[in-house]
Every structure is written in C-alpha cells, then in structure tokens.
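Structure record follows, encoded as structure tokens.
Going in written order, the chains are labelled A, B, C, D, E and F, and every chain counts its residues from 1.
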Amino acid sequence: MPKTRKTVAKSRPDPQKRAGRAPGRKTARRDTEIMALKLRPARLSPSMAAFFKLCEEKQGFVPNVLKAFSFDMAKLEAFVAYRNDLMLGGSRLSMLEREMIATAVSAQNHCFYCLTVHGAAVRNLSGDPVLGEMMAMNYRAARLSKRQRAMLDFAIKLTAEPWGIEESDRARLRGAGFSDRDIWDIAAVASFYNMTNRLASATDMRPNEEYHGLARSTK
Amino acid sequence: MPKTRKTVAKSRPDPQKRAGRAPGRKTARRDTEIMALKLRPARLSPSMAAFFKLCEEKQGFVPNVLKAFSFDMAKLEAFVAYRNDLMLGGSRLSMLEREMIATAVSAQNHCFYCLTVHGAAVRNLSGDPVLGEMMAMNYRAARLSKRQRAMLDFAIKLTAEPWGIEESDRARLRGAGFSDRDIWDIAAVASFYNMTNRLASATDMRPNEEYHGLARSTK
Amino acid sequence: MPKTRKTVAKSRPDPQKRAGRAPGRKTARRDTEIMALKLRPARLSPSMAAFFKLCEEKQGFVPNVLKAFSFDMAKLEAFVAYRNDLMLGGSRLSMLEREMIATAVSAQNHCFYCLTVHGAAVRNLSGDPVLGEMMAMNYRAARLSKRQRAMLDFAIKLTAEPWGIEESDRARLRGAGFSDRDIWDIAAVASFYNMTNRLASATDMRPNEEYHGLARSTK
Amino acid sequence: MPKTRKTVAKSRPDPQKRAGRAPGRKTARRDTEIMALKLRPARLSPSMAAFFKLCEEKQGFVPNVLKAFSFDMAKLEAFVAYRNDLMLGGSRLSMLEREMIATAVSAQNHCFYCLTVHGAAVRNLSGDPVLGEMMAMNYRAARLSKRQRAMLDFAIKLTAEPWGIEESDRARLRGAGFSDRDIWDIAAVASFYNMTNRLASATDMRPNEEYHGLARSTK
Amino acid sequence: MPKTRKTVAKSRPDPQKRAGRAPGRKTARRDTEIMALKLRPARLSPSMAAFFKLCEEKQGFVPNVLKAFSFDMAKLEAFVAYRNDLMLGGSRLSMLEREMIATAVSAQNHCFYCLTVHGAAVRNLSGDPVLGEMMAMNYRAARLSKRQRAMLDFAIKLTAEPWGIEESDRARLRGAGFSDRDIWDIAAVASFYNMTNRLASATDMRPNEEYHGLARSTK
Amino acid sequence: MPKTRKTVAKSRPDPQKRAGRAPGRKTARRDTEIMALKLRPARLSPSMAAFFKLCEEKQGFVPNVLKAFSFDMAKLEAFVAYRNDLMLGGSRLSMLEREMIATAVSAQNHCFYCLTVHGAAVRNLSGDPVLGEMMAMNYRAARLSKRQRAMLDFAIKLTAEPWGIEESDRARLRGAGFSDRDIWDIAAVASFYNMTNRLASATDMRPNEEYHGLARSTK
C-alpha cells in the first residue's frame, strides 16, 4: 500500500521458475494463487481502480490482501478505508511504531502473511533490517526505548490475554509518556492486526513474493 | 438451594445487610463513563448524526462503542461502514449466525462489553434467551445443527490458535455445506470480534445498561 | 445497531424466518433430561424428601444437580451436607461473596450449569443484575473493593494454576483483611466449584430453566 | 553416572560437604506444622474421635488432611463422609483404579500433598511401586489396558479442559466397557481430587512423613 | 484412610483380588526393552567399554540412556563428554544443586525417565528422600534458601517460556549471589535437561528398575 | 560453522555506524557484545583454534555461539563435537531437513539467535529464501511433502508438549517412510535445539550480523 517511501521492487526473480526446483514444495496449488478460497474478483470500483494503480506505481505491485478482498467492492472499500486511516492517518505514533506493533502482534499469532508484509515495512521505514527481524522473531530481543517497550508489551498482552488488561496496564503506558489518545491508537493497531492475522490464517493468504527481499540491506 | 433444617449460620455477620446496597461497587468512576480513556467527542458528521438518530429511534439508545469512537469522525465512519457491511450486509450466514459467532468469540476472549451486547443480540434474534446464555457461557453446551457447530468450532479455533488453521479445517466447513464465500464470512466475522474484543478490553469499554435486560423472556 | 441507509441485504435468506423457531436446537435429546448419563433415581430418604420439599417451597423447584445425585442416597446426602455447610454455614464471607467466588470460578472453567445457577444467585443476593453478569463474564470488569478483588484473584489463580499458590498469595489476602479462617473459606469455596464444574461438565448437566430469568431486574 | 576418567572437578567447592546436612531446608517453619493456616483444633466429636482412632490402628497415623479439617467438626464430618463414600463405597471401579485417577489428576495439578498420599496408595494397593511412580510422573508411560487408559484420559481432560468434554468423550468410555454409572464414578473421583488438590495447594498442606517410604518394595 | 464404620461396600467386585497381580500392565512389550526404537548396539569403543565397566562397578548397572545411545559410538561419546563435563565438572553449583535443577525441569516436562533418574540422584546426594520427592512433584513445596529458590525459578521459567527471559531475570540471580559463570551453569543444566527430557519422551526410554528404590530412607 | 557451501560475507556494513542512527535502539550495551554474561575467553586449544580458523575461511566469521562457549575449552569442545556429529554427521535426514527442524523448533521457542542462524541455513542450503522465512514464521504455511510435514509436526509436538508423545506419533513417522534410526535423528535434532534455544535465551546471545543478509536472493 502507498505512502511507504522509496520502495521499488523491479528486479524480482521469476517465481514460476523458482518454485520448480525448490526442495520441499508441493505443486498441487499454484504459487500465484493468493488464498485457499476461490472467490471471483468483482469489477473494481473507480476509487479502488485508482488505488490499485497507485499501489502499482509506488510499490510495483498490488498487495495480495487487496486482491483477496476484491470479490466484493463494499468489503474492499471498507477494509481500505479502515486500514488507511489507522496506519497512515494522523497519530502521535510514527508509522514505524505502528508497523512495529503490527509485526510483533503477527509474531505472537505466527501469521506468515502479516509477518512477511509488516516485517518488510519495519525494515523499510527504519532502514534497519535487523529491527525488522527482531520484531518478527522476538521483540524482547530488541534494545528499545522505555516508551517503545511499554507500547509493545501492551500490544502483546492485549493479543495474548485481552481479558487481563486493567487500569495498571494503561497506567504503565501513561507513565511511559503516552496520552489517552495514544493508548487508543496502540490498542486500535494491535486489535486490527489480531483481525487481519486471523483473516489471513483462515484463508491461507500468501504474501507477494516481492516483500521477502525488500529492504534487506542497511541504508 | 435453601438451607437444610440443621444448618444455622449464627456467627456470620448479616449478609443480607451487607448485600443490600450493591456491595461490590466502588464509586470512584461514574458508571456513566463509557470507557477508561478520556477522549473529547468531536462534532458528529451529518451521516453519523443521522445514524445515531436512527439508533435512538430503533433501539432507544446509541451503543457505547459508537460514542467511544466519536472523538474522530474518520475513525467512527470507517468502523461503522466495516461493521455494518459485515453484520448486516448480504451473506448466506443469517444475522443470528453472525451474532452467534460474535458471542462465542467474545466468550473465548472474556470480553465483558461484547458478551453483553452480542449475547443480547442472540437472545433477540433467536427469541431464545437460553441460546444467548449458551453462546456466552460455553457454545458446546448448545444442541446445534452440524452446520452451526462446525461454524463455531472454526471460529473458536481461529480465535484461540489461528496459526493452526489448515486446509483440513476449511474442508470440514465445506463438508458441512459451506461455500468458499461462506468460509470467508465466518472468518471475517470471527476475526472482526477478535479486534473489537481487544479494543473494548484495552479501553475498559462499558456496555449500555439497556442490554442486560433485553430479550430475557421467551417469545 | 440498526442498518445504515446504504446497507441492504437483498440476497440473504430471511434471517427472521430462520430465527423463528429456535433454529439452533436439535430435538434428539429432550430438554427435560437433566444430564447425559441415564441413572435411575433411587427412593428419596426421609431427610432428602424433606429437603426436596423445602426446595420446592422456597425456590419453586428442585435444582437439577440434586436430581442428578438422586440415583444414590448416600452420595446425595454427602453432597448436600458438604455443600450446605460450605455455602450456608457460619463464615465471615457473606453468602453473596461465596456466590461471587462460585461464579468467577465457573467462568474460568466455562461451566454452563454452574454459571447459570450461581450467576442467578449473585443477581439475587446482590439485587444487582449487572454484578451477576460481570462475575460470569469477566470479574475484572467489576469495580470491587480491594478486599473482594483480592478474594477473587486468589480464587482464580487457585483455579487456573493451583501449583503456583505460595505464601505471598496468602499474604496478599491477609493484607486485604482476611484471617486464616477466611482464607480457608475462600479456598474451600473455590475448590468446591472446581469439583462441581467438572462433575457438571462431565455429565452435561442442564440447569433448570427457571434460573435464566431470575433476578434480572434491579431491586 | 560416575565420572569419566578425564573429568576432574578441582576448583569446585566440596559438594559432598554442602550436601551433607539437608542443605535446601529452611527451619523457619517447623516440619510438624501441617499447613500454612493457623486454625485451632476443635474437640473431636465422638464419631470423629472413633475414626481417628481407627486411622491410628490401621495406618499408624492420622492423615494430615483430617487434622487440617479438625478446626470445625461439621466440616470434618462432611469431608470424611463424602470422601469415604467416594473412595471406599460400592463401585465397579476398583479402589486401585480410583487411586490411579486421584494420582494422575494430582500430577496434572502438581499437588505435593496429594501426589504423596495417593502415589503411596497406588503402590500399596497394586503391590507395584513403579505403577505408583508412573501415575505420579506421567500416566502415559504406563502400559495400561485400553479400559484403564480411557479412564485416565477422561480424568485428565476433565482436569485440564473441563469445558471441552463432550458426548464423544463419554462415548469413548462406553466403548471401553464403562457403564453410565461407571462414568459418573470416574467423573466424581477426578472432580473430587480437583477440589482437594486445590485445598491442599491453597493451604500448603504437608503430607505425613510416613507416606514417602510406604510400599516401596515389590510385593 | 480406613473406612468409617457406616461405610460398607457390599456390591463392589473385590478390589483386592483385581488389584492382586499388577492389573494395569500389558505384556505386549517386554519391560527389559529400554526404548521404543529398535537400534542395534554397536561394538563399544575402548573408552566407552571402560566407562560402562566403571558404571557397573560404582552403580551396579549401566544407565539405560547410555545403552540407548550405544548404536553409534560417536554419538555416545559426544553425549557422555557433554553430560559429564556439565554435571561432574568444576562449578560453583554443587552436584546436588545441578540434580535439583535436572529434576525440577523434568517435572515441568513430565518426563518419566528423567524424573526417575534425577529424583533418585537428589535423594542420594542430599540424604533427604523428601527433597527428591518435592523436586519431582512441585519444587515450590520445598523450603529452600533464597539462593536455591531463585536458581530453580530461573530454570523453570527458562523451561516453560524461554522467550520471556530478560535482564531482570538475570538480575534476580545476581541478587541471590550468583556470578555470571554461575548463571551460565544454571542455564546450561536447565537447557540440557530440556534436551534429554525430549529425547527420552520421543523414544519412550525406560529407566533401570534400580532407581526406584534408591536412597528411599533418610541417612 | 563449516560445511555450508559458497557462503561468503565480505561486504558487511559497519555495525557501529549503523547502530548510531538506528531508531529505537539503546546504546547502553555495545552491539559487539555477544551475550549478556561477561565471561573471559580462555586460550583456544589447538583443535579449537583450527576449527575457528576453518569457520573464518569458509563462512568469513566465527559464529557467536562458539565465542560464547570459549570461556572453557572443555565445554566448547564438547559442544562442538556433539553439534557437528548431529548436524553434519551421517544421517538419512539431509542437512537441509535438519536445519528445517532447527528453525521450526526455534520459532516455537521464539529464539532470536537460533532463528537468525538456522533461518539463514535453510535459505542457503535450499536456495529458496521463502522456505527459510516459512520455517521461521509458521512451518504450516509451507507446502511440504508428507514426509517433511510429518517430521516437523513430530518436532513441534516434542517441543511444545513432550509429555504427550506416544507410540501413535512414532507410528505416523514410520507411515511417512522413516526408519527407527531416522526417528532418533529427528528427535535428537529437535531436542538439541530445545537446548540451544534456551541457552541462547538465557544469555541473550546475539547472532553475527552477517546472517541477516545471507542467501536472501534466489539461486
């Protein structure tokens, strides 16, 4: 999706050829399939056609999650509107911080699609490939500021045992410098990826191959 | 159960008196507060003002989740659009079935707000107050059709261990008569309440009191 | 929430009609059966006949758990004696507090029978229907005194990870004003419902329908 | 295992000396205390005095759980009545099988008191010291009949996730030759030790030292 | 506990008779088999032949884990070298402390082989049979020094949730008097038994019968 | 470690410079430290000096786990001997398959060090960068042969609940074509990484930076 900077993935190796020799792969399902459900794409609405075009221009491809939603324009438009407001809209959380939450939550839920996509976004936005790996493997390994550590601890507790969140958890966030609005934003981002992780896992959604090589070298 | 004749509780301080005045309640936070975050409501956009008015007319009140989102019209509108498409839009899942998923997922996540709201919706749409209780307490206690049982088993596995969903899980849904589009809908509803459960828990959202007494008697 | 104006659900089969006649119920097993095990009731002993008569007079019905035990008078009498001493006998825990523990423990164990019965008891003894719902959904949502919160935290830890209870847990109870005898009572009540939850789940015990509507309106 | 010739431990402080005098014990609490709660023993009722005398004669000591309950004769009598009916009363489960359930459940709950007492009972009733160890360590290691394995699998599932017990679990017991009454007995024994495990853990109950050496050699 | 006078079990099939001859054992697999995998023993290398001879002399038998590894001399020698350095080599942890860690870790993993072997080692090295039982049942029941309690808490957290170990966990060990080298040793021992527990469970390894009766009486 | 093919990491960016600008990093601990324990390196034995030289020549660097063990030559040599026999010695499991097990186990344990090292090894040995990501994120997302899927399912069950492994688990491996020796090898590799994962987590071991960029493009 747009608004990431400087992301171009021109030189992707032919995935068809690769899959051919790859050890351990079954060929029963084609790698070009984006999920395990067969849903016929609808005709893109004008606003979604424009958005897909923007994705192609900025990123070089349309993220598969958008193609997965394309069987129904009302659903696609609602998803894009909610996601873009959350991840790109005004917030005191930086876009990198929002992607750090997305990746750490996805690691808790072992979601292949979202770890691939948001790990890449962390690498890209931070210019620090190792930070992306840490978020995807175990965020506790990263040497974070007290602020960012509190943010991720809240997001992971909310993911793993939402019933246990209490005033003391919010108090810890306030003590790390977060306002009530910031707490909403942390909660909203962590909650959203608990939704998308599950939608991706339920449908065996496959990330675009381009993400894997993205932003692997230090800027 | 009443006391047996031989059981007398002489030395106990009078529990009736202690019970008299809502003994377990602290008054530090007013019950009219809808969540633990203080976010100033924005001015309602025309479409949201109309929607709130509709809620008042049809239900007699505006659900607190909508008031919680009202600090930001873009967020409120995106949430309402996504939610209404999902829960009221076209689907081969009945509205009752969607509310059954919402309630069973909320039980897994022990979410007070969502159990209150969606348990009431199940009671209301089914005309069966006990069905609402079963969904909120343990959906396995309900005597469901094979179809509905498969639907809820999928929703709960997706909630509890999303990383473990595989083709065999989707195959079981297909075997119970669900199409690929139905599987999307089941997944999308279960995933959405994994989001809202967490947003409600993170903010200590409180349900409108009206829900508790709703549809308690058999139609 | 009502529909927004733009949301129309044309292609959906009429959910109202489907909802009309308790759609989720199978009729294979009669609702009047009280558990999944077929055990022939024995002749009530004189003391148990008197106790059942007392139940009818005071509550209007005999709780199904008593009928379930009625295949053997020695077992029924032992259960009633243990239960009545525990829940009605002398204690510095009020009867409401004992029912709060029973309900919170049953929520941890997702026991349909016990949540129904003891949630009703909390509503009835407190005159606060919402307190009953909170105990059954997530006791952490209730605004409790420090004393009652410590009591329930101990009961739930004892339920979920009994191996982890240590002197520090008892110390917290003492710090909240509980004596050693009170700690015994909290432990004994929490432990007892860990027994009955399992007996009810093992036998698919069904609560009397009367509980569901009991004490639903504020006194 | 002894040391290999090349392994020398020169710089280590002498472990033999450190091991000499029960190094891991604190003396703050006397080992003769039977639990962490100080509750003054009441005067034994005639029936309980007779029962304690019987224990002394048959076993050589009064089990500490009985002493723990002795602060209140009503509680002690109710506990003894319930326990003796369950573990010694008529049942198609042998007393050994009931003790096997008690031990396996206590292993799941890591209860020091109950593992000590019921592990000894399994050793004693079976004349097979290794069977007692297996029940206390991991019942899956024992080479059991299909019947006994089904019995313990049910007991452990009921202990670990009581909410998940369903008709298929009861059907497996029936398939292994158990009647509905037998299923009640299995459930009742497993449930009872889920109670006593927690009461013992909550009070840090200590088993009589005599149990540890009991029935250690093969008959 | 003996029966109360009023408890009679007339209709019960004679449990004594049923218990008589190790009722729970199947004879399909011979007890002399040391694991579920059939791997032909290789010829012992000279150093391993000498080591086995030493085991016979000192302990009276060759531990089955060594026989299990004997299908391949390179594997056997590497295992013995690693194990002996770890458990017998120089360290400020006493051999008893290392065996306490081994046993507590094995209890967390419910490993029948390792609980048998290392529980015996704790009994033997400490001269305190009850300490061995506590390590195997629930180490929290033992009255340990602050030092040993911190050591075991670290080992168990490392076993149960290794991803959650952080600087604060190491700091607690330092606060209990452990050096960085000691922390390595605690971690290395706990980690090693997480390996052997799994190798024993994967192969259904059976401990030599001699361990069960070892060091059962107080020195 | 040696025997990976064609691995050269010449052009590593200066980590010092990078850490300087990296968002979210604390500078309290230098990135060149390889673990949280300060243990003075011992003088390398001749065999270990030769092995370190080999690592430099083949891989371009000495893996940090070897440096971490270098405070004690006996420990280092024992670790290298055990590890090299296991991962490089004769087996019907390919080196790639052994690395797939190592990575999937490390994902279950969320071990940053081992995921980095073994994810790189899977990418390198397979020439398939996405396969490495799948093993590190959720092995269930990979389209594996029945053989490899059975192998990883066994390894992960052995990691997550070793107490539950039974004959039926081994039977499934045999059904997928594995011999008893193969089962040993699968178990031994999975068990070993349950050891190293914990040693790395206990000491906060940091992987060499070179791994992150290794084998990221398709061969």
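Everything that follows uses one rule, which is that a contact is a pair of C-beta atoms (placed from the backbone, for glycine too) under 8 Å apart; a residue touches a chain by one contact, two chains touch by 3 or more.
All values derive from a computational prediction rather than experimental measurement.
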- [ ] Could you name all chains that are in contact with subunit A and with subunit D at the same time?
- [x] B, C, E, F
Open item on the list: Looking at chain pairs D-F and A-F, which one is connected by more C-beta pairs in contact?
Closed with: A-F
TODO: Taking CA centroids for every chain, report which one is farthest away from subunit C.
DONE: F
Open item on the list: Centroid from C-alpha atoms only, then distance subunit A to subunit E, rounded to Å. What do you get?
Closed with: 44
Task: Computed distance of Cα centres, subunit E from subunit D, in Å - done: 21
Task: Intercentroid distance (Cα basis), subunit B paired with subunit A, Å - done: 27
- [ ] Check each residue of subunit D and list the ones that touch at least two other chains.
- [x] 81, 85, 89, 110-111, 138, 163, 166, 204
- [ ] Let me know each pair of chains that touch one another.
- [x] A-B, A-C, A-E, A-F, B-C, B-D, B-F, C-D, C-E, D-E, D-F, E-F
TODO: Would you mind writing out the residues of subunit D in touch with subunit B in their complex?
DONE: 163-164, 166
Task: Interfacial residue positions of subunit A with respect to subunit F in the complex - done: 13, 18, 21-29, 96, 100, 107, 110-112, 115-116, 126-131, 133-134, 136-138, 141-145, 148, 204, 209, 212-213, 216-218
Open item on the list: Using the touch definition from the top, list the residues of subunit D that touch subunit C in their complex.
Closed with: 36-39, 71, 74-75, 77-79, 81-82, 85-86, 89, 109-111, 154, 158-159, 162-163, 165-167, 170, 180-181, 183-184, 186-188, 190-192, 194-199, 201-204
- [ ] Using the touch definition up top, name the residues of subunit F that touch subunit B in the complex.
- [x] 138, 140
